[in-house]
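Two complexes, one shared chain (subunit A), two partners (subunit B, subunit C).
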Partner chain A sequence: MATEEMHESGISRREFASVAAAAAAGLLATACGNRRLYDIPKDKLRAAVAEMEKEYSAKYGKAVTVSDAGPMPGVVFAYALDISRCVGCRRCVYACVAENNQSRDPEVQWIRVLSMDKSKGIDFQDADPYYQPETVPQDGRFYVPTACQHCRNAPCTKVCPTGATWTEKDGIVVIDYDWCIGCRYCMAACPYGARHFNWGKPTLPSDQVNPDMHVLGNRPRQQGVVEKCTFCIQRSRAGRYPACVEVCPVGARKFGNLLDPNSEIRYIIENKRVLLLKQELNTMPKFFYFYGT
Partner chain B sequence: MRRLLVVTFAVMAVAITARSGVLRAQAGATKPAPAIDRTVPPPFMQDGQTLEVPPPPFSDGIFPCSACHESIKPDRTRRVLTFHDDIVLKHDQDHRWCLDCHDADNRDFLHLAGGQRLPFDESYMLCGQCHGEKLRDWRVGVHGRRTGQWNGHKTYLLCVNCHNPHQPRFKPLPPKPAPKPPMRPIR
Partner chain C sequence: MSFSQKFPRFVTGSVQLVTRGNTTYWVWLAVLAVLILSGADAFAAQVRHGLIVTAMRDQVSWGFYIGNFTFLVGVAAAAVVLVIPAYVYDWKPIREIVIFGELLAVSAIVMCLLFVLVDIGRPDRFWHLLPGFGHMNFPQSILAWDVIVLNLYFIVNFIVVTHILYRAFHGRHYNKKIVVPLVLLSIPMAVGIHTVTAFLYNGLAARPYWNSSILAPQFLASAFCSGPAILLAVVLLLRKFTRFEIQDEAVWKIAELMAYATFINLFLHGSEAFKEYYSNTEHALYTRYWFQGIGEHRTLVPFAWTAVLLNVTAFVLFIIPKARRNPVLLYTGCFATYAGCYIDKGMGLIIPGLTPDALGEIYVYYPTIAELRVAAGVFALGFLVFTLMLKVAVPILLGEFHGARDPRAAVTH
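The block that comes next holds the complex of A and B.
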């Protein structure tokens, strides 16, 4: 019966066998080729990173180190931001650009500070990211800086067709820039507008390059890939505070280990009025906003 | 430049410590100040290890205060000062003046409401008399900025490193440039 049907559809046993063999060979070839950074063996990753260091050092004319540090055991990172303190000065935006080697032109910025009306509360329809008064804070306005919320239930990682973005064990949502095909599904899925696309060829002047890089973080990106906040993975996995935390002139930004009961983050969650952005979407962000006063 | 600053601070710190030691001994001889309750350790002591705290931001050449004040008899009447006219008090000025915080008998110290003498590098205890909830938040690292390591060595700032104690409210500051709006295709 099956043979007869095959004959009817015009595929001979020989043809079927050769196509099947070709498909199997193709599958095998793919499996032996490039692998995403989450399942690459340690020694291969180290070799790839060494190659990157050589390439970037030659390109920018300075000693570049690319870290491949993995997540620390017993650590899940979380962030807290005091919206009663933020004055909207955008120091964090530019500290982030300098630290994470974002493209200067076309402009890519991972942090976006929204100016909102105090009488309306948090209302994204009414938020203004382009405010430019003489001095801040302005009367009647408050400021909500947004970046990647590092959701536990991240919509962006679910829609990626190539598996180029995923959540690490320490809670950081990362992107493998070499596997990103630039389809921008993740940007459509993200409810916070936290992902940014390199529409043009990124420009990064050699004298402004931060040579302290991480393979999943601030290494230079190519045109046509998506990028976003990584909690300064090159700093946080080395035990340091992210750049935005250290630059904030009003001390509104807090960072630490969610699993450490003595951390600042846990104190804030347990003792302050905390809110999540778009909580109703059940994305479970690890980025908490709070009122410090 | 940075190294120079560090060295300057270190020299200043040594000088201040040496000087205040002498002064403390003198003060003890003239008038005994009540003891400060130190049952709560400073927040920058962790497991017996001292964390980094920058020195209080004195104006150049102003400290030690006793360099001038030693030869001046303290006048405790509330008045408009003829010296220190660069200091404008905007910090509950209707109810308080200099000697509510600065110690009249030993100018190199502050004093708490109870008369306990307090060195300038522990001024947070003075601030905390009124701003108790801020002091509590600062101790656990929620109020104020920390730099360094989230799981290790941190640098703390004193209240006075950010807030001018005479005018504690932050001054408005110019924002950095706004992001460029997205480009639209030209038709």
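The block that comes next holds the complex of A and C.
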């Protein structure tokens, strides 16, 4: 069955010799119709997702649901972040990890908060991602949280040799963890350091698993594949805010439908001073930074 | 004698050749075997534990493996590009070397493909990019292009060498209708594999160090240095240890061509350095990391200047006719070229390309023992392939070893 190779939880059990065997099995699986999620018809996807639910529920000892909700018509998601409000507390970083089932060891984090010098403005060469003061914000510093910018002209999806990453109709750039071969070309192509690789076997304690999953989002990842922010696809497609938006104590994070003229995101773009990171690269991010005050 | 009789004779003959040899031969094979086993062992651990056994991390997501891959694509390309003077000007002395260039190309491509395989996180899923089985993101992904051209290049060269040797073994001249078109095809393909590999990096706007239009020409120039350097060393060794006769003119001519290539390589590097340093934008950071270091991070600086020194030395040795005719200086020049390009094109291309990372962080990458062992294993496997092919090719080409039972069979065709 196709899902056997697809949902193999990690490579660690395999010995060297069995790699070839696994590849051969993969070839066979292909003949039986194993395809990347992008190509799987809706009805077959439902079956594959049901398999995943069974597997994950058994593995983590709790009822896991894996959504296969598609994009909503008339919706393109966009994000806005108020640089003048962010205090650099990193609550978003940890809420993201808890929500999206990132590996705890080795640690994988989708959001990276950069501490910058107010006198220098946004200057990556002078940014400090490892700031550890007693309290934030520090005098003279401001904070620029980064994550996937969900570019309209995404360099990462263009370079992927297997088509394992693509942009959904609602603008979310997603990865098929079962199709990614781990070549990391997308990581070289990403101007925002948004993509993260599972260098070791990801660990996720059962009591910390978020059982509310999406097939293109926060379901457990395997060793040797790339992952990144999905705008909390399991939440946003269910009409909820991403975890980072909810947790932000100062309300610096805004999220909404770019196509809705009455949305908060549109208000910000039309009325605030907005900037895009590395605008000169023409990646056309759907992640806007702005100065609210 | 039919094909069904001839082919097994060719195979058994080849097996006989590679299983006979003097002590040096067996010691060499033993060394390679040890390195291959050590590499396989390290690779097994890497597959088990993940690429975490390497020094690569999110900040520097490619390292030693991809550096070696890039360098070897150049070797594969340049070895065959020597065919140009041989065929275009029908210059006999170099023509005899062409077959070794093709053998070298075949071995180099084997190493290239292996370096990609050991670098990917899920080698068990390589079939995902095979058209028909998986999904190849062609023509968008330059990596897809690279996979295609490298494999085609491998096939073309493999057919040519096998055909020439097979025919020679049976005492017949190769079929011009097969060989000439394929050799002519392999010339643009050699340029092609290198251009495509350069574009792989060149197309990434996220990495200013690579996103320079001089990259592809510079790749070709450095390939024209490193490829012939190895070839020349092999030819000199063959001349010493076998009856193989290669004229001095051929050797000197190649050395002279290498001098020009080295000059162009240095010139292109210089142009790039001028642009970066004079305009002094924030993009100069990567070049500065390579040549000067940033702050206390100066790991790469000795490598950078060693490469410059080696390349300049090679140029001086090869451009002076008297120097390149001196055997010792000739070897020295070959070594300097090889080492210079290896540093430049391997670590010197990949690491400063990714350091500082996209968000400005400096992560100091230095390959781990595990990485070095895997890489040594891949090199050893490539050298093994090359050694075995040479072991078969040389006696056949010298006519010391052939399979024609009936001598008349050799002339009737």
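The rule is simple: the second predicted complex is superposed on the first by the 261 of 293 C-alpha atoms of A that agree within 3 Å, B and C clash if a C-alpha of one lies under 4 Å from a C-alpha of the other, contacts with A are read in each partner's own complex, and residues count from 1 in each chain.
In this text, a contact is a pair of C-beta atoms (placed from the backbone, for glycine too) under 8 Å apart; a residue touches a chain by one contact, two chains touch by 3 or more.
All values derive from a computational prediction rather than experimental measurement.
Q: Which partner chains sit in contact with A:187 here, subunit B, subunit C, both or neither? Use first/second/both/neither.
A: The answer is second: A:187 touches subunit C but not subunit B.
Q: Per the contact definition in the header, classify A:196: touching subunit B only (first), subunit C only (second), both, or neither.
A: In the superposed model, A:196 contacts subunit C only, not subunit B.
Q: Which of the two partners, first being subunit B and second being subunit C, lies in contact with A:36: first, second, both, or neither?
A: Once the two structures are laid over each other on A, A:36 reaches subunit C alone.
Q: Go through the superposed model and pick first if A:264 touches only subunit B, second if only subunit C, both, or neither.
A: first
Q: Contact-wise, after the overlay, does A:129 reach subunit B, subunit C, both or neither (first, second, both, neither)?
A: Once the two structures are laid over each other on A, A:129 reaches both partners.
Q: Quick check on the superposed pair: does A:248 touch subunit B, subunit C, both, or neither? Answer first, second, both or neither.
A: Touch status of A:248: first partner only.
Q: Is A:281 contacted by the first partner subunit B, the second partner subunit C, both or neither?
A: In the superposed model, A:281 contacts subunit C only, not subunit B.
Q: So which one touches more of the residues on subunit A, subunit B or subunit C?
A: Subunit A has more residues touched by C than by the other partner.
Q: Taking the superposition on A as described, I'd like to know which of subunit B and subunit C A:117 touches: first, second, both or neither.
A: A:117: touches no partner chain.
Q: Give one of first, second, both or neither to describe whether A:68 is in contact with subunit B, with subunit C, with both, or with none.
A: A:68 sits against neither subunit B nor subunit C.
Q: Shared contact residues on subunit A, subunit B side and subunit C side combined as an intersection?
A: Looking at subunit A, the two contact sets intersect at 112, 129.
Q: Inside the complex, what are the residues of subunit B that reach subunit A?
A: Against subunit A, the touching part of subunit B is residues 137, 140-152, 157, 162, 170, 172-181.
Q: Which subunit A residues qualify as touching subunit C in the complex?
A: Per the stated touch rule, the residues are 11-12, 14-16, 19, 22-23, 26-27, 30, 35-36, 39, 106, 112, 114, 123-127, 129, 146, 155, 158-164, 179-185, 187-193, 195-201, 222-226, 281-283.
Q: Tell me, which parts of subunit C touch subunit A in their complex?
A: Where subunit C meets subunit A, its residues are 40, 43-44, 47-52, 54, 56-59, 61-62, 116, 119-129, 133-137, 140-144, 147, 200-201, 203-207, 282, 285, 353-354, 356-361.
Q: Contact residues on subunit A for subunit B in the complex?
A: 82, 87-91, 93-94, 107, 109, 112, 129-137, 236, 239-241, 245-246, 248-251, 254-257, 260, 263-264, 267-268, 272, 292
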